[in-house]
Structures are given as structure tokens and as C-alpha cells.
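Both complexes shown next keep subunit A, but they swap its partner, so subunit B is in the first and subunit C is in the second.
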Partner chain A sequence: MSHSMTAQAPGLSSYLKSLRSTPVEASIEHFIALLKRRQIRNSRPCALATTQLLIQVVKEFKGKDADKLLRRIRDVGRRLIAAQPREMVVGNIVRRVLGLIREIKDDNADGDSNAVNSDTGSPLPHHDSFNRPQLASSISTFMRHGALPPMESASGPESLADSGELPHRPALFSSHTSYAPLGTSLFGLFSQPDTPSNTSTPTGRHSPIGKHTMTASALERIGESTILKRTNIKAEVLEGMNELQDELEQSDDQIAANALDHIHSNEIILTHTASTSVQKFLLAAAKKRKFTVVHAEAHPNDHDAVHATILTGKKRDAEVISEEAGERWKPLTAAGITVVLIPDSHVFAIMARVNKVILATHSVLANGGLVAAAGARVIASAAKVHRTPVVVVTGVYKLSPVYPFDIDELIEYGDAGNVVPYDDGDFVDKVDVDNPLYDYVPPDLVDLYVTNLGGHAPSYLYRIVADHYHPDDINLSGAVEREGK
Partner chain B sequence: MSADPVDTGETPAAPISAPSDAAPPQDAPPTAEKGAPEKPALSGAELKKRAKAEKAAKRAQQKAATDGTSGAPHDSKPVQQEPKQQKKDGKQAPKEPKQGPKEAGQPGMPIPMRRRQSVTLPPPKEKEEVIKQVGLFGHLYGQPKQHSIAAAAKEVHPAILALGLQYSSYVICGSTARCVSMLLAFKKVIESYTTPKGQALARHLTSHHLSPQITYLQACRPISISMGNAIRHLKDLIVKIDPAVSEADAKEHLIDSIDSFIKERITAADELISEEAMRKIAEKGDVILTYASSTIVQTTLLKAHDAGKQFRVIVVDSKPLYEGKALARNLAHHGLQVSYSLISSAAHAMKNVTRIFLGAHAMMSNGRLYSRIGTAAIAMLAHERDIPVAVLCESVKFTDQVALDSIVKNELASPEELLSENERSALVDLLPKEKSSSTDKHEDVMKWWRDEPNLQMLNLLYDVTPAEYISIVITEFGSLPPSSVPVVHRISTNT
Partner chain C sequence: MATEPPPPDKYDIVAAYQRLLANDHDLTKPIAAIEALVDAMATTSTETVSETLETLEDHIRTLKSSVSNPISLSAGTDLFQRYLITTLNRPSADLTSPAGAVDFDAIRNQLLTNRGLFASRAKAHRATIAQSGRNLIRDGARVLTNGGSRVVAALLRSVAETGSVRFQVVYVLDPDAASQEGEWSGPAIVAMLRAKGIPVATIPDSAVAGALAEIDLIVVGAEAIVMNGGIISKMGTYQMGLLGNIKHKPFYVVAESHKFVRILPAGQYDLPIKQRAIDFKVGKEGELVSIEHESQGGYTVEDEAVDLSDSGASGGKTGKKDSDNSENPVDYTPPNLISGILTESGVLTPSAVSEELIKIWF
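After this line comes the complex of A and B, so read on.
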């Protein structure tokens, strides 16, 4: 794949440019095609494209019925997810948008009637509940799209009522107990005291711990929004989506703000593959401290990007994403950091001297495990046996509400020609050549996640997942059924 | 079996101390030589020598240019020898990094061959390379590897010159292959030897005839543990030769001994090991994973296949040598079911594996395995999943050295070998304008890497696998736990 070819080939930048001029339905089809052809791939491009596309979808949406908008987004989302289920970020963004609409809808509903409208799937006070949030146990449960399997659709209402309602009740109880002094008095007049987690979601800047303090201001906002009523659902949703867009754009910088907490002078840091997040993280630390970076090159899929990152500071496709001045892209070496390029085979040998491993990720799962570029598993295991801490750097948008059950479902296989060129005919004929693109790294091999919300233990991630996605949206196909009844 | 190496039947005690280093003492031979043919006028002689060497280099380059790639080492040797002969000093001058006909691809070599692109390394480059070291591994940077025969001493035998080039270009690669080829070349060296008047063969052969050869080989690529053991054995034999024996008889004895050494310690040992290892493969359903390439693993798998066992093989490989490719190809040609992946996907390859067979460069006395870089990661993954790991290793590869990690002792290869032709061309269009000066874009890319002050590349050849990852070491003495390595080593050397 030559570079000049990819520059002209359709990709993220050309797609984003085309979005405004193309009708929405054509844009959706176009995006699906790009996803299927892997012309938009990796988390950040997918997230950006999905957000932009959904913004167009909302803009185009006529009418004021929030439920209809929900359904519309969900339908589009399901098509996108079906196009490329392993780009879990697409699903994540769809769910974030759905959560946003639900929240706005409920706020407005509150304005109409102060009644507790739990039957329309009101946002749950789930971050107060001690119950583990209900999540898909495997990717396949939410990868299902289109027609539901007969079994589930037959037993749909009952089973969903069972599984959907049961966790609600204890949750409500616990919320009542915690909010009892407020909820029963003044606040109950205007709003439900159960929205804080959702209101803070779009900005994503507040750590979940700080959410209790959010309550008052959130309620104020809710109070205001009740005045606006449902007049402007679309505008509100678009505003929220713009915030989501900002979050995507800022998350790397927000993550990098933590860098100095994790990197000290004279450390030897091992990292793997080319990642803008990691690059910015290390650059932020390099401003104050001198350390050594050992960069494993992730042959055979990402090595060219790694080489480009080491030499120029950016991946070759990065230029199309951010149009900022080239000044911001400088290689670590220019910041005075010693960079040592190693092949993947050297990981175990060099781990004996490495102080910290910083991994980039493709997506993060709710159990604290992650899906990262192939080779990450070897690195994480080697770090474990050498007692080297493993830090995973990721934006919250990569957090997916999936518990891995069958790991093979998560792994995408790439072009075997990267491993052995096809011109080696007799070899390719007789030997099976494998080229998995991703590795699953179980949570016990990870010591810390650094997200744009701060640092978290892997065991805490499920909670952040619960804060960011509405339980009804986790299984997109199931939610349709529920809405339809 | 344990008494194999005793064929000389002499007392073992004394001479072991002298050549006890696996790597033959590098400084010793030159000083010894200096005594004989050279005057102590150092600086003048050195200048002269350098001038000569440069002249020789120029000549070599011209020759390389005119000959193109045809310059197989055998052809070029006599020409290059000539200027040397005129030289007075027999001192090695391996410091001159010279451009040689490195591409001498030896057709028909059944030994793991590396796809080496025609990379030309002009002389000034290597000097820079020496300056740019990876801090952690500073102790491993020695003299740059010799890639030519231009700077070789005049005593170096043509067969050794050829061999050295094959070593440095990885045409002959792998501990056993290097050991055997060295011994075969030594046979020729000994054949061509005549004892000067007034000297005893036992005294003269080692220091004056063999040492320069070893030094040259060492300069081409650090000698392996097995080679060290073989050299020690050979020196031992030479020292023990009775001065009363005629030269022809002594030489015949030595050549026979080398043959029997190869036969007993390597050929027969391989036979035994592969028999033993084959028995570890189940009749049906095993999935065997191996890393890089080992001749003995290949023999074992082929034998098991011929014996009608049904199993699948996964070959895991790594850049830049891609040794496993040849193994996978050979196995597939013999009808085995083979899959191939790179070390980054090792965790996937490991999924259904039931056994791991590994080759060895050496077994350390503390039970650790010193083998191709990446082996340790494979063994670690297998250990995680409780998959038995078998190391197939002749006792000639056992050493009394110990190692805790892969950093203190290792071999560095040229970092430039890391970037393949494709990877360089992928970077061409990223090249900043001010850096693309010459017409050779690939060279510009390499220069870009080299000139970046804080940028380093590391290309190690070996790593050390902890003993706890190894379930079994299969040697010609039987199957042992790694903790038995020092015992076996004592038995096999101390007879």
C-alpha cells in the first residue's frame, strides 16, 4: 500500500469534508462502506466520523418527538455497528448520543409532569446503586442487529421486563435513601433527583467522584431547561453532541495533563505501536523531565506508523485529522528524549530494565481488560513477570460496555500479506499465515488506566462505563424491542 | 555415551585452564605474532599498515564495483590476499570497516538463510554507528563487525575467510551449523599446515596457525558457545599430541578427531535427541509450536511425521532474520500441516498449543536458556498456560557461564538490519526536504535515522529464558530438568 495511494483514497478527511454537502442517507451509506472497506479504521477516526455523521442525522431530523429521534439514531447506529462490529467505538458513540437524547427527553418530561415516569425508561440513579450495572456479557449480544433471533423476540417483553425492571427497583430504593432529605422536600417539586450522572456525561470532564457535588448545579440547569420545555430538543441534542465532539478532540490533551503524575526523571518507559494519545502523553512529560522511551515497533501491521511517529512525531494519517499547525507535531527526540526502537522480539529481554510500560489501546472493556494492537499481550505478560507496572492510556470514548466472554469475537484478523508477501507463492500456498490485528489483555495484567477523567484501577472501569451509557442502550437490538412494545 | 569426547584417551587436567574462555583471548595471538615477525617500532608500522589497509580497501571496492555481485568470496580471495602478503606486520587490522562483497549469496546452502537486501554500507557510516550506542548496552559494543576479507591477516586460510563472510552475512546461521562448518574449515586449515623447522606441532599449531583463524572468525561474528567448546576440545587435542609423532600422523589424527567430534557430539547426538524428542509427541492431535528455526527441531518434527504421527506445527518467527520461514517452508514441503505467525501474535498462536519445542544457542549453568531473541517471550506465554516447554540441545552447547538477564551478555547486530527495504521506502515520502539531498532516497532515510541524535535502534540477537519456564531439556544424555545442566556439562567435558 503506497502512501500516495492512500492520500487519494477515501478516508476520514475526505469523508468529513463530504458530510456537509451530501444528503444524510447517502452519508450513512458512505460511512458504512468506508467501515466495511476498513478505509476508516482505528478508534479515533471512527469516533470522529460517527459523531459528525450523527450530528448530521440529528440536524436532518424533522419533528420534535424525542422518541422518534431516539429510534432514528438507534437505527442508524445499528447499521453502523453491523458494518464493523469490532470497531466498538462506533457503538460507544451511538450509545453516548442515545443517552444524551434520553436525558434531554427526561428533563423535558419532568418539565411537563413532575410524576416519576419510570416506565418510559427514565435514567436510573445507577451510580448510586451498589448493583453491578447490567451489561452485555459478550460482544455478540449487542452485535446482533436487524431481525432479532426468534427466541428473544418471542420472549422479548417478559424477559426484558424481567431483566430490565429488576435492577431498577433496588436502585430506586437506594436513591431514595440517599436523596431522601432532598427529594422529599423542595427538589422533588421540579425534578427527579436522579440525573446527575447523565448531565455530566457529555462534558466528561468531571471525575465520577465529583458527581455528588454536581447535583445542585445540575438541578439548576434542569430547572432552566424545564422553562425551555420541549421546544428545542434538537438544539439541545446538538449542543450535547458538540460537547461530545469537544471531548473527543480534547481527550488526548486531558490525558496528557496526567503525564507528570506517572513519569519521573530517568525512567525507562516501554511503549508499543503508534498512538497519538501515548505520543502526547510522553511529550507532556518530556517538557519537564528527561527519560528514555523504548518503542516496540509492532511489526507487521503498525511498524510503518511507528517509524513515522518516531521520526516525525505523527502517524502518517494523523495530518488529516487535525489541521493544526505542524509545529505541534514534533518527535520525542526533538524534545530531548532518547528513543530506542526495538523489534517486538526484544520485549522480554529489555523488560528487565524497564520501569514502566505505557500501552495504547484499541478499545477498553467493562471488566478492565483491553483490546490493543497485537503484541500488547506479550508486553503485558512480560511486564507482569518482571513486576513492571502497566499503564494504559485511553480516552473514555474507548470504554465499551462489553464483558469479554469469547475473546476470539473481539479479535480482527488482518492481511496475511503483511507477514509473508504474496509473491512468496509456494510458501503462501502451503503454510497458513496468521495475522491477528489485536490482542486481548486481561485486566489482571493492567495496573492503571489513565483516561481523560483521571487515573482508575481496572476494577473500577465498569463503574465509569455505567456512568456513561444508559442501561437501556447497552444492548441496542434489545432496546428496540423494549421501545416497540 | 558420556565417555564420547575422550577419544584421545589422554589425561585431561592441565591444559584446560589456558583456553578456558569460550571466546578465545583476542589480544593474545597478535602479541604472540608480534614477537616473531615484527619490530617494536609501533607508530610507524601502524601508520604504514593503515595506509596499506586503505589501499587494500580501495582496491577491494574497485573490485567489488567492477565485479558486481559475482564476487563470491572464493574468487575474490587470492586477489585480496596479495597486498597483504607484501605487508610486513601480521597484526590484525579489523578496525577498518570496509565494504566487501557481502552479498556473496551461497547458492545451495541448506542452512537458514536470511533475506538480505542489497544494502551497501559505505565506510564512514559504521564509525557513526559506533558512536551511537544504546546506553543500556554500551558494554556490548565492541569493534564493528568485519564484513570483508580486506583487513584479514595474511595467515587466515581461504576457507576461513569464506566462512567468516558467511557468518557475518548470516548465510551460515545457527549455533550448530556454525560449529560444524568451522570444524570442517579447520580440517582444511590443518591439512595445509606444515610445522616450521625447529618447532613442535603441539606448540606451534595452536598459537600460530589456528589462533589467527579464530580471531578472524571472532571479528566476523562473535563465536558461539558450541564453537568455543569445539575450539577448546581441538586445542586440547593439539596440546596432547606426542612430539615424537610425525607431522603427517599428527595431522591425520587431528582430522580424524575432528570428524569423530562432529559425529559424536553433533550428528549422533542429534539423532539421539530427535529420537527422544519424537517420543514426546503424541500419536495424534498434538499442536507443536516452535520459535525461529532450529535444525534439530526440524529433524525431530520430520521424523515424527515420517513415523506417522499426526500433529500440527506452528512456527513463530520474528524480524529481522525471519529464520522460521525456512523451517516452515521445509516442513510444509514434507507435507506437515504448518502455520506461521510473527511474535507479535504469539499470544494467539499459543491458543491450542500442546507442546513447545525450542532450539538453543546455549544452556547456561544456572539452567537458563540462551537462544534467539524472542524465545523467552514464547516460553513465558507457554508457562502462563501450563504448556510444557522442551529445549532440544546437544551437550556441546552447554557452558559453565551463567546469566541472569539478557542484557549483561548478548550479541549486538547492526541496527541497520532492522529496517527492511520496504520499511525504508515507506519512509521516503516523509523525508523532510532538507534531508533528501542525494539521489539515493533509501540512503537518505537511513541517514535520517542515523543523524537523529536521540534516536537509537537496538538489534540484539539473543535472550535468556528463565529456568522455571523450561520443563525439560532433551540432550543426548537423556531428558533432564534445566537444573541438571551444570552436571551434564561437567560430565561431558571432564571425562
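After this line comes the complex of A and C, so read on.
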């Protein structure tokens, strides 16, 4: 985060302001440039900017064909991802918007195909399309009481046996629960072959979503009968995207609602880097309980923000979008919490006295690992040695369906001048200086993820990925990311 | 059942299964079992649902008792059985006759017409896995593998055929293993890879630990993937997993999802097969006991087959020794040693396996 960033410098807020008045194509180019120049960086600003930009793209989109809209979003998404593949949250938002469009498209198709029944291979209850909650209702009802239901959904696959139906998640894509993580269930082997797209997708997915399992004749009939309905697609997509926007804005508060479950009186909590999510989490607990926070300062990339957070409660140069501007920020010390600032190098020494480690993250990966600010792995490893629980707080929007086959390519290297100033000529001449910005923390070093949906074990994250992303979209960037490297 | 000659009208499922396996070396055991069962359905004429299921169960029992290690094929038979039962219980509309009753014939016909598809789909799955293997094996990687897995071979071949990835393979080969011929045996795969210009080193089981320092990742196939995400695979896989875990080498399993099977072994000795990794012998006083005839350092697989199903009714043996299984001892690798399971629909964490199985069973 650059120190020189002022309100005038191009960044998130100026970009968001410019969005309305600028033609979409120029906005896309502008965003790509900002991403490349790292003037919009970190998960939250990227997520907000991507969402807003895609809203404009949808608004500008002419026509009623959902497939064309899908293609359009995917094309824009590819360009954004290629601009900055390591900001994985951009890809996440693109995929979620794609999933949203698919869902609305199939909902509309479903409505007409009730009579036509499409489904040959999925006799299972939770694959039954007709008892899926409708999009709009599920969002609004669930969004209000955010904190409660997620704990149920964390109870793991065993609960499925009891309920016979997947637990509803409280967020936007609750009806996505009908996706199997496999994309195709084991019965895929037996599905009927008369589907047009079976050759391209590995065996008929028989989630009722997706016309894959519909017969060709059924498709024709739908094509004729849904023209009227399709006129609404754009409005529905925009509505869904506004919910997505809300989710981004509310996720920190929803995460903080879990704080009292995790932070107990007189505990010593260790955290790292300046993170709004963690700050809100700790503040929520501080309302009721007294505890001690040990803050590792994350030198050399984030220490200024850490100092500012400790002193004022917010990152000094954090870009704040207008909704949040009025919000009061107060430091933990004002809430009566003892805060101890330590350099990163002291983490191991102090770990013996720490009760819990709470980490913020840059992005979370499908295998339950995470990419976080450099130093996170040291902390997580030290915690492992001392058997200290490691809790990661993250919004679901940071959860990426990307599987980390190659860890090295996830790690970004930053300005070496932060470590040794460039004017130290002697040093710079003789020594190679590296400044990795991120660490990969493998899943076995993490005990729990606290998201806006509740708490999840790392091994359960695959399920959340399956809930939020359409299997066809996961690969969207696979090829592109490689090109973008 | 097998001791008495099968009645003339009775379909010989075991022969069909063996024939299918022999005719197509690409065919996995679960798929061969499914095809044999579909053929059985085609030849027998049953009127009612329960009669069909009963005949089916009968065939499955016969089939399982005919081999010494029925775990792998039981993945196929279970899948087929569950599919039939769930389809019959909750038929989708186009299989329901206008009256609303289950149109049994429709389901049957659907299966019979699709029969040829199972194998081709399974092969397509393997190709998909092979394709995604390009993510797994990066330029400069050195891969440790073992056994004679078709999927692993397909994956390595697919990466080799890209031409742009330079990688090396260290292949664990048992020099005295009995089954060394066939298209998918270890030596054949080694030869295939070498012919494609991939440097392959072969090492014995005993060299795994010694070689591990120079390995980047471990890739193995599996005979079956059990409910907790662990795998049942060629004897020697478990030690690769253990050693790899100690040395922090990623350990990937590549397998098609039709190999998922609903058993939950508590450990090496809890597998539903009769196989003794340790077989004590003692000689009479003063007599030298020769170890010449013990194959593979003393593993013995009992000829007596066991029945996976609870019912002891079948009890009988076919008398036909399953030449394939008895010489291929297996072990169980628990899920905590596995980094990921590469299936045709992406990389699963071991815990995702149980969910898939629960979905078809409950």
C-alpha cells in the first residue's frame, strides 16, 4: 500500500466515481490499467471495483439472450484476470456473476420445463429442482439474519443424511447448493446420452440446473416459451449483483458477529497485518470481553498500516468508500484492550503465551490453504509447534476455486526498496534483496476459517467452493492465468 | 452355486466379467462388473422390481465371491445397485408411465441401450484426468509413481505428449512381481514413457526412502477410494505415502470417481479381503525351511475368497482362482497422507469423497 496515495491519486474511490460517467469499454480498460499498475490492490478494493464494473457491463448489455450475457461477462472477466492473475478475488467475483446468470437463466427455463421434465439421472432429493428456493426470496430472508444459520451448514456432510436436503446457506447463491462438488455425481456414468452438450461436459450433469440434461425437443419448447420471461434476465441479474455488493459490504460485520464464540475473557490473541476484518472481529469481542492483543507489525510492507490501525483503528491511507466514511473508527485501546506491538521476528518467542492466532488473508484456495501477507506462514508454523489454534477470518468472496498446483506462482514479489532503500547503493550493488508480499499457508496449519457464513474446517471449504461457483466456470481462467503469467 | 454346474439358462456372470476384462485391457474392474451386470439383466427376464433386484444381488454375490479381492469391482456393483434402487424409488418423469407407475421396462431398456456407453465414458473420464494432469506435473518436475495404473500412465503420457513439459519419472518396480506382462503393467508403462522420450528410472520398493530426497511429487493410482478419502492400492503405496508425508512431498491420487467404494477400513488389517502381509511359518526341528516358493517376500493371498456382502448364503466358491488379484497384494493409505484426489471433475480433498458416497447411498 503506497504511502503517497492521496485522494486525488487514481485508486478505488476515484475509479468508482468515474464508473457512471465513463463508457463501459473505457472503464474496463481503466480498471485493467489500475490493476496492472497496482493502484487498485488487495482483495476488498478489487472485489468492489470488479462488482461495480460488471454491474455497468450488465447495464450496458443490449439484448435478452442469457448466453450472450454469459459470454460477454466471461470475456470481460478473462481480460481482468489476465491483467492481474494474483488478485484472485477478481476471478472469484467474475465467476460468481457468471454463476448468478446461469442460475437465473435456468430458473427461467425450469419454470417452463416443469412439465417437460428434464432429469433422467438424478433421482436424489436434493437434486430436485422444484423445491429449490427461488432466488429473490432466499436472498432477502437469509441476508437479514446472517449469523445464525451458517453454523448449521458447517456441521458437515453428515447432516445431509438427516435432512435429506442440503442445508441452506444464508448468502446469495443459496440455490447453488444443488451443485455437487464433483459437478457430476457418481451416477453420471449412467445418465442418458441424448443431451446435446454431453460430449463437452464430462457425462451429463444432472443437477437440474443446466439444460445439459434436457432433451433437444424440450429445449426447443423452452426456447419458444421463455422469450417473455427472458426480458427480465437483466433486471434479475442486476438485483443479484446488488446482493453481491451488499455481501461484500456486510461480510466484515457478519464475520464479527462470530467474535464472541472465538475470543474469551483474558485470552491473549496474536494477529498480523492491518486488516479491517480482523479489526472489526476484535472490536466486536472487545464490547463484552477483556483480552490482550499481540500485534505482529508485518514489516516492511504493512507496518505503517499496522501502526495506524493500533493508534486510530483504521489504516491511515485505507481507501474508504462513501458508505463507510461516516462510520466511526476507534482503536482497540479505546475499547480497553491491551495491545502489544511486536516485530515479526518475535512471534515464535511469544507464541508460548498466546491462546489463539487470528489471521487475515489475501485469498483462500480450494484445498483449504490460503495466501496471506508474508509472515503468515511463520506465525502459523509457530502456532503449530505450540499447538495454538489458528483462526482465519475471511469473507467468502475471497474463497477461490483455484487449486494451488504451483505455489510459487501465487506469490507476488514487491518493492525491494521497502527492505533496503535504493539509496543504500553499497548494499543494493552487492546483495540481492527479495521482498515477497505473500505467503502460502497449507491447510494443515489452519484450524478454522471464520467466514460470513460461519465457521468451517479447512477440509470443508471444498463444499463452500461448490456452493458458490458453477463447475463450468472454474476453469474460466485456467488457461488465461497461464497466459497471463 | 459354483460347485454345482450353473443351470443352462443361468447367466454365468463370472465368465462374462473375466471375458470383459480380458478383451479390453483398458477396462477397469468396476466398469467390467457393471457391464457384466447389465448383460445379466439383458439375458434374464424378470417381471417385477424386487425379482430383478434379487437376481442382481445374486449375481453380485457370485461375482464377489469369485475373486479374492472384491473391493475394486464392488465399487461398480454398488454403484449399479444403488442406481437401480434410487431410479426405481424416485423415477424421473420420462421413465414413468402415464399412469404414474414406474415403467420398469423403460429403465431396463435405457440401461441396455446405454450399455456400450459406460466403458467409453469411463475412458473419457480417464482422458479428462490425463488432461488435467498437465497442471499437476510442471516443467522440471520429478515424479515418483508405482504400480500399473492406467490413469497414471494416461496422465504421464498426456503430459509427455505436450512436448513442452520436461519431467522425469522415478518408477517403483518390483523386480519379481508376478504380473509383469500386459499393456498396463509397470514395465510396459516404463517402456511406453521411455519411447516418448521421458527419462524414467526404475527403483525397487526398498529404495523409495533413499530416492525421496530427489523427488518433487508422488502420483499414484488407486484400486479403490474408500469413504474417508483413503485409498486401496498396490502394496507399497502406503509406505510411499508415509515417507512422502515425512518429507513433505505432495502425494496425489489419480482415479476415476467410479472407484469410490463405501467401506471404511480402520487400518491395514480391516480390509474386507483375506490377505496376509505377514505370514509366519515354522519348520519341523532340524528341517530347513526353504523360502524359494514364497512369492514377493512372503505375501500370501489366500485362495479362499471372501464375501463382501453380509449374507453367507452364497458361501460357495467358483473354484476358479482369480489369477489377477491373488498376485496383487494391496494396502490401505489413510486420507491424512493424501494431498488431493484428481478425478475427472477436478481435484477433490479426501473429505469430499464421503459426501459423494453419502449422496448415492442415503
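In this text, the second predicted complex is superposed on the first by the 343 of 485 C-alpha atoms of A that agree within 3 Å, B and C clash if a C-alpha of one lies under 4 Å from a C-alpha of the other, contacts with A are read in each partner's own complex, and residues count from 1 in each chain.
Following the convention adopted for this analysis, contacts are C-beta pairs under 8 Å (C-beta built on N, C-alpha and C of every residue); 3 or more make two chains touch, one makes a residue touch a chain.
Only a predicted model underlies this, so the values are computations on that prediction, with no experimental measurement involved.
Of the two partner chains placed by the overlay, only subunit C lies in contact with A:459; subunit B stays clear of it. Shared-chain residue A:345: touches subunit B; no touch with subunit C. Judged by the touch definition given at the top, the superposed model places A:368 against subunit C, while subunit B stays out of reach.
Contacts of A:242 after superposition on the shared chain: neither subunit B nor subunit C is touched. Of the two partner chains placed by the overlay, only subunit B lies in contact with A:307; subunit C stays clear of it.
In the superposed model, A:474 makes contact with subunit C only, not with subunit B. For subunit A, the partner touching the most residues, choosing from subunit B and subunit C, is B. When both complexes are overlaid on chain A, the residue A:405 reaches subunit C alone and has no touch with subunit B. Listing the residues of subunit B that touch subunit A in their complex gives 134-136, 315, 318-320, 325, 328-329, 332-333, 338-349, 372-374, 376-377, 380-381, 384, 405-407, 410, 418-419, 423, 426-427, 429-430, 448-449, 452-460, 463-464. Touching subunit B in their complex are the following residues of subunit A: 3-4, 268, 292, 294, 298-301, 303-304, 307-308, 310-312, 316, 331-333, 336-350, 352-353, 373-375, 377-378, 381-382, 385, 411, 419-420, 426-427, 430-436, 439. Per the touch definition, subunit C reaches subunit A in the complex via residues 34, 79-80, 82-83, 86-87, 89-95, 110-111, 114, 117-118, 121-122, 124-125, 128, 135-136, 138, 257-258, 260, 339-340, 343-352, 354-360, 362. Those residues of subunit A that touch subunit C in the shared complex are 117, 119-126, 157-158, 160-161, 164, 180-190, 192-193, 202-203, 215, 366-368, 403, 405-406, 459-460, 462-463, 471, 474, 478.
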